[in-house]
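Multiple structures are listed underneath, in structure tokens.
There are two complexes below, and they share chain A, which is joined by chain B in the first and by chain C in the second.
This part shows the complex of A and B:
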């Protein structure tokens, strides 16, 4: 049975909007040109591949369902499990189900803590017990190195083979479209002579595929990023956190955009008392330090949810609602900058000849705003959206640390760091949760930063002519 | 000048009223006082008597905006709105939900915050300007390229990792400085080094990149070409001409955060156990002490608005082209 959370719905609305916009932009040369400039940056193409991988995981993790149970009710109707799973959970089910007792280091064959074990002759001994799943296929733990190397090689070969297949297909398709021969195009890409830097994208894709397959191959025998306190795979946790990070980074902007665009353009275009009122609103909101406003709002939300906890069907649903509200609150605190920027731009555009001409011809305010102002500020909106993304992903971690972030039951990098922080004092140190969160968050934020810089350089008319 | 400042101060009043109303709605209208009492007392099956007595002790037992039970001015003053929100304008923060005097706590805890925040700001500016000047000096070379790449990498790392890594490396591995804590007088020094160093390193990425953009923008201007045409060396052009002019945007960017230094940094202070206003706010949030959070929201807004006014004044002081209007 499919389950649709509020954030899922909004993600798919966002996806549909993005697809619609790219189809629209693809048909118009003036909108395509800046994107072509983005494609000319090697870094941007590489970052785009990484970002797409994250988005793919996030989207798969947004299709939720509830498993049908074996048992049926007396009336013969099917029953559904209380646990909400996602398509992504289904794909990585072994990661989710193969838990250990408690901590274990990455690639470990033994548990992190000693346990009292009863031996066959009845005597008791304190030792590190073997893991239930990690390295269980090894008869002797000493064979581990060879086993890991073998699995990694198989994974790398599989990844490269798939890459070869996909790359051939992509180049073939591109060759058909452009009318150049396959060999010629392949040689051009190899020499990095194409306008759009396909070589950078394909190479990143190769690295990505190899990593994914090596990780998958190794995961079948080991916990590649260890397990946490209750024995859950850290690799699974950090993969699940991707969706949370993406939701915060994208839905927040989606929430704030209508306000910022509408109010900003209205303030600049109409001027007078409209301008005064809108300026007053955003100065007031802007005066409250962001973290404090978020703290106040989340505290209130907590009280609200606590007192109405009976109304939610599941913990996941409540956590999802909290995530959505967090996006709303972050949106409320972050729209003022864009709004101010758009107001300034509209003030300038209002005086430009074609707007004056439209006014003189008797075109209505609404039409002028939609036809003449909106398309001319869209580049600012786009630049802000991509620049804000990485900041929001980072903010999630900090907010979760202060306990005003996402629900503690939800997988997120902030929650991972928060729980890992307390384990830093242990000896030997439990570092893998922290490392996993760091690795995945850093990759996402770095890719987003590099990509957004390229987008800004391509879209900002002031930077274009440098 | 004075007329200008007075006008700016008057303009701040409606904004503060707006902030006050907003926080009031957030704290008292979204949830009723009963809900707040229930979450404070912590138990779902708490009795109505317990709720009523908690409300009476903490002053939540009155009507929200209009009291019909009393006469005269009291109709307006004997309400939650007047007691909890209007009093903030006189900086009368009242008592926290756990019964402590908030004004006293603030006056005590703002000093550790300042002791951390001021050196962080000063050292940070110095370091960032130095790096940005270096990168600008070697612009359009490999040093410039890799410098910017390094900045992007630095600013892609969450602040939490800087703190955890710094605490682990400097304190746990090398035993150079204590992990966390605070002391009075000169003894505080050894507790200050780590937070300041980490905060400065955390700021390098975004700071250097921002200053670099400012420097490059200035370098592209006509007066720089003139200076070079006169035969001045690149070093003198950068330090005498570009740096001076670039100080205008840098200075105004710094002035706006000056008053907020009092508030301290939430994350740094709570990680390092420094008893400043930042960790005070965090404690308030974690104990769900609404009186503290409300006071800090108001204080933060006042300081921010004050910072904006200071910025405008500093513009007119450093840049003679700007006039009061």
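This part shows the complex of A and C:
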């Protein structure tokens, strides 16, 4: 049975909007041109591939369902499991189910804590027991190195093979569309002569596929990023955190945009008392520390949710609602920056000749705003959104660390870092939770930052003639 | 095309300060370079003024930057030599070149507002150069700086050297720029459009200054400009650039009496003036080609009225005729001129003129004021007013053109916007066809918007870059609820495009695909769409090149003849006024000082300001013997106008009464009016 969370719904609305916008932009030269300039940057193309991989995981993780149970009700109706799974869970089911007892290091064959084990002869001994799944296929733990190398090679080969298949298909499709021959286009891409930097994209894609397949291959025999306190795979946790990060980064924007665009343009265009009121609102909002506002809102929401816990079908649903509200409150506190930019730009555009000409032709205020102002400030909106994304992903980590972020039951990098607080104080320390969260978050934020740099440069008219 | 043709003669002459030999500069990528300067050779003699004349984008500024080795990072010199006092500048090390810049050769730029550093005082900026080249420091540098400021005619140099650029007016800043350039007594001064950003009266001051400095110091000046009048005033010799090449070189007298190259001839013909009133202006068809194209033959051939087959296939030879260089097949020696087109095609006379008898005013403006409040303090109390427009009276009859003339900052654009109610007037009345506009509400006004339209100066900012041309033109029709069925709308748009001389397929293109002149045509089509009776033209041609300006002026005149539209033509360009206008109103500091028919005002100006303004306009008559009436200082701020007559602090004929009372209107007959105490108010007034 499909389950639709609020955030799922909004994510798919956002996805639909993004697709609609790209179709719209594709038909219009002035919108297409800057994106084409983005394509000319090798870094941007590489970053785009990485971002797409993250987005793919996030989208797969946003299709939720409840498993049908074997048992049926008395009336013969199907019964569904209480646990909500996602398509992504289904794909990586072994990661989820193959838990250990407690901590184990990456690629370990033994547990990280000593246990009292009863031997065959009845004597008891304290030792590091073998893991249930990690390295269980090895008869002798000493064979581990060879086994890892073998699995990695197989994974790399599989990844390369799939890449070859996909790359051939992509180049073939591109050659067919542009009317050039396959060989010619392939040679151009090899020499990096294409306007859009396909070579950079395809090479990043190769690296990505190899990493994915090596990781998949290794994961079938080991916990490649170790396990946490309750023995859950850290690799699984950090993969699940991707969706949380993306939701915070994108949905917050969705909340913020209407405020920022509407109020910013109105303040700039109308001026006078409208401008005064809007300016006072955002100056006031800006003077309240953001964390304070978020803490107050989240704590109030927590009380509200706790009092009504019976109304939610699952824990996941409750956690999702908290995530949504976190996005809302983050959106409310972060629209002021963009609003200020837009006000300034609208002040400038209001006096520009084509707006004056429209006024002289008797065009109404609303039409002027929609037809003349909005399209001409869109580049600022886009740049801000892309730049804000990485900041919001990081904000989630910070907020969860101080426990006013997402629900503790929800996988998120912030929660992982929060739990790592105790793990780092432990002796010997458990470092892999923090490392895993750091690695995945760092890759995402770096890719987003590199991509947003390219977007900003492409949309900046002052750099256009370089 | 990276091949450099054999244009370097290797001839070295003496007595020259600067000799440029076959200089070629490319910009952009190696594969598709912009050939900004192509095989340019000229020389500058000691003590002379050499003018480089050309339209925008012809490579004249790029030539200057190449000489100074200040090319943008994408630019590179691909051939030629620049000999400055026998030394090839292109071969110097950067350290040696720095000594030449500011020391041997100085440069002044077009925009005085951005050429000075706003956070340094004037004195610091002058001494910077003195310290760098002559090692002067402290008191000695300061006294030298004061002397320089005195030399460029800045009053009170002792005080001025401690002032910041924002405290100076535009003309003053350009003087400071000249002082900096002169600091190390350069042999050669390169002036890149030094007066283009200045008003005519200020331009006259700066040009006079440059002439006297040259006389005193004996330096050479390379003067880059697009203005034929300025060339006539300043130059000893002239070189004309077109599309990256020098097409003609001659002494001033030869050039102005008998231009040889068809392009030069056409430039003269396309200038508007009084004598051409009844005819259309000659136009150079088309526009300047992109310098990225691969040229075959003469670059001017596609626009040339005398082009023949050879021009299109073969690059013309560099011919020297009686010491003049002409880059044209017509003077190729083996007289092929027989094949060429006619020497000149006379401009068609204008069609049936609307009889000027219909004197009933279409637009009547009475005592219109536009004041902008100045807020200050925490509570933004109104501390004063900028009186941009301070009580003007105008009348425009049907089918007439009224020119509103004045220098920048006199309030003429604000007046235009006030008439259109784009800026609500603070006082007075604007009556259009019997309807008072100032009292209408926003909604009522919208339905009257189709009566009056506006055309802006800047063809780049006047159209939304994200709309198709078809949508831009039909915007007014939609707003006025006149958008009929799509087919009819389409037909109407095509008719409008045809009317302004654009192809019908422009509908589905974006503004950035058009040149400046074409964009101005689109603006005109947008204004015409709602069938206005009056169009306010706010300097519609001042951003355009001479050859394109002629096309637009012809179009406007044609539209007036065909449709009987009235124009309020706001401009600072007297020659355009002389060509186009029926009546003229001269504005100074928010008020109209003189008004009347174009013949009366331009030929018999009465107000001292009008007289000074007209005398300051550079003319092409080499020996007109006119006397420039030099005005002292700059226009005062409209927030704090002088007492009495606003013009009295600068007026050469000021009297005691001028300081006390604003003069009353004096009627001089035939609708000619002025406000000046020199002419006693007639008893009937």
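Definition applied: the second predicted complex is superposed on the first by the 462 of 466 C-alpha atoms of A that agree within 3 Å, B and C clash if a C-alpha of one lies under 4 Å from a C-alpha of the other, contacts with A are read in each partner's own complex, and residues count from 1 in each chain.
Quick note on the criterion: a contact is a pair of C-beta atoms (placed from the backbone, for glycine too) under 8 Å apart; a residue touches a chain by one contact, two chains touch by 3 or more.
Here the structure is a predicted model, which is why all the values come from computation and not from measurement.
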Touched partner set for A:270, first chain B, second chain C, both or neither: neither
When both partners are placed on the shared chain, which of chain B and chain C touches more of chain A: B
Chain B versus chain C as contact partner of A:6, first or second or both or neither: neither
Touching partner for A:371 - first (chain B), second (chain C), both, neither: second
Touched partner set for A:442, first chain B, second chain C, both or neither: first
Contacts of A:304 with chain B and chain C, given as first, second, both or neither: first
Which of chain B and chain C A:360 touches, first, second, both or neither: second
List of chain B residues in touch with chain A within their complex: 14-16, 18-19, 22-23, 26-27, 30-31, 35-36, 38-39, 152-153, 155-161, 164, 167-168, 172, 260, 263, 266-267, 270, 281-282, 285-286, 288, 290, 293-294, 296-297, 300-301, 304-305
Chain B-facing residues of chain A, complex: 280-281, 283-289, 291-293, 295-297, 299-300, 302-304, 306-307, 390, 394, 397-398, 401-404, 413, 417, 421, 424, 434, 438, 441-442, 445-446, 449-450, 453
Residue ranges of chain A in contact with chain C within the complex: 28-31, 352-354, 356-364, 367, 371-372, 375-376, 466
Chain C to chain A touching residues, read off their complex: 74, 417, 420, 422, 445-450, 452-454, 456-458, 461-467, 475-476, 479-480, 510, 512, 523, 526-527, 530
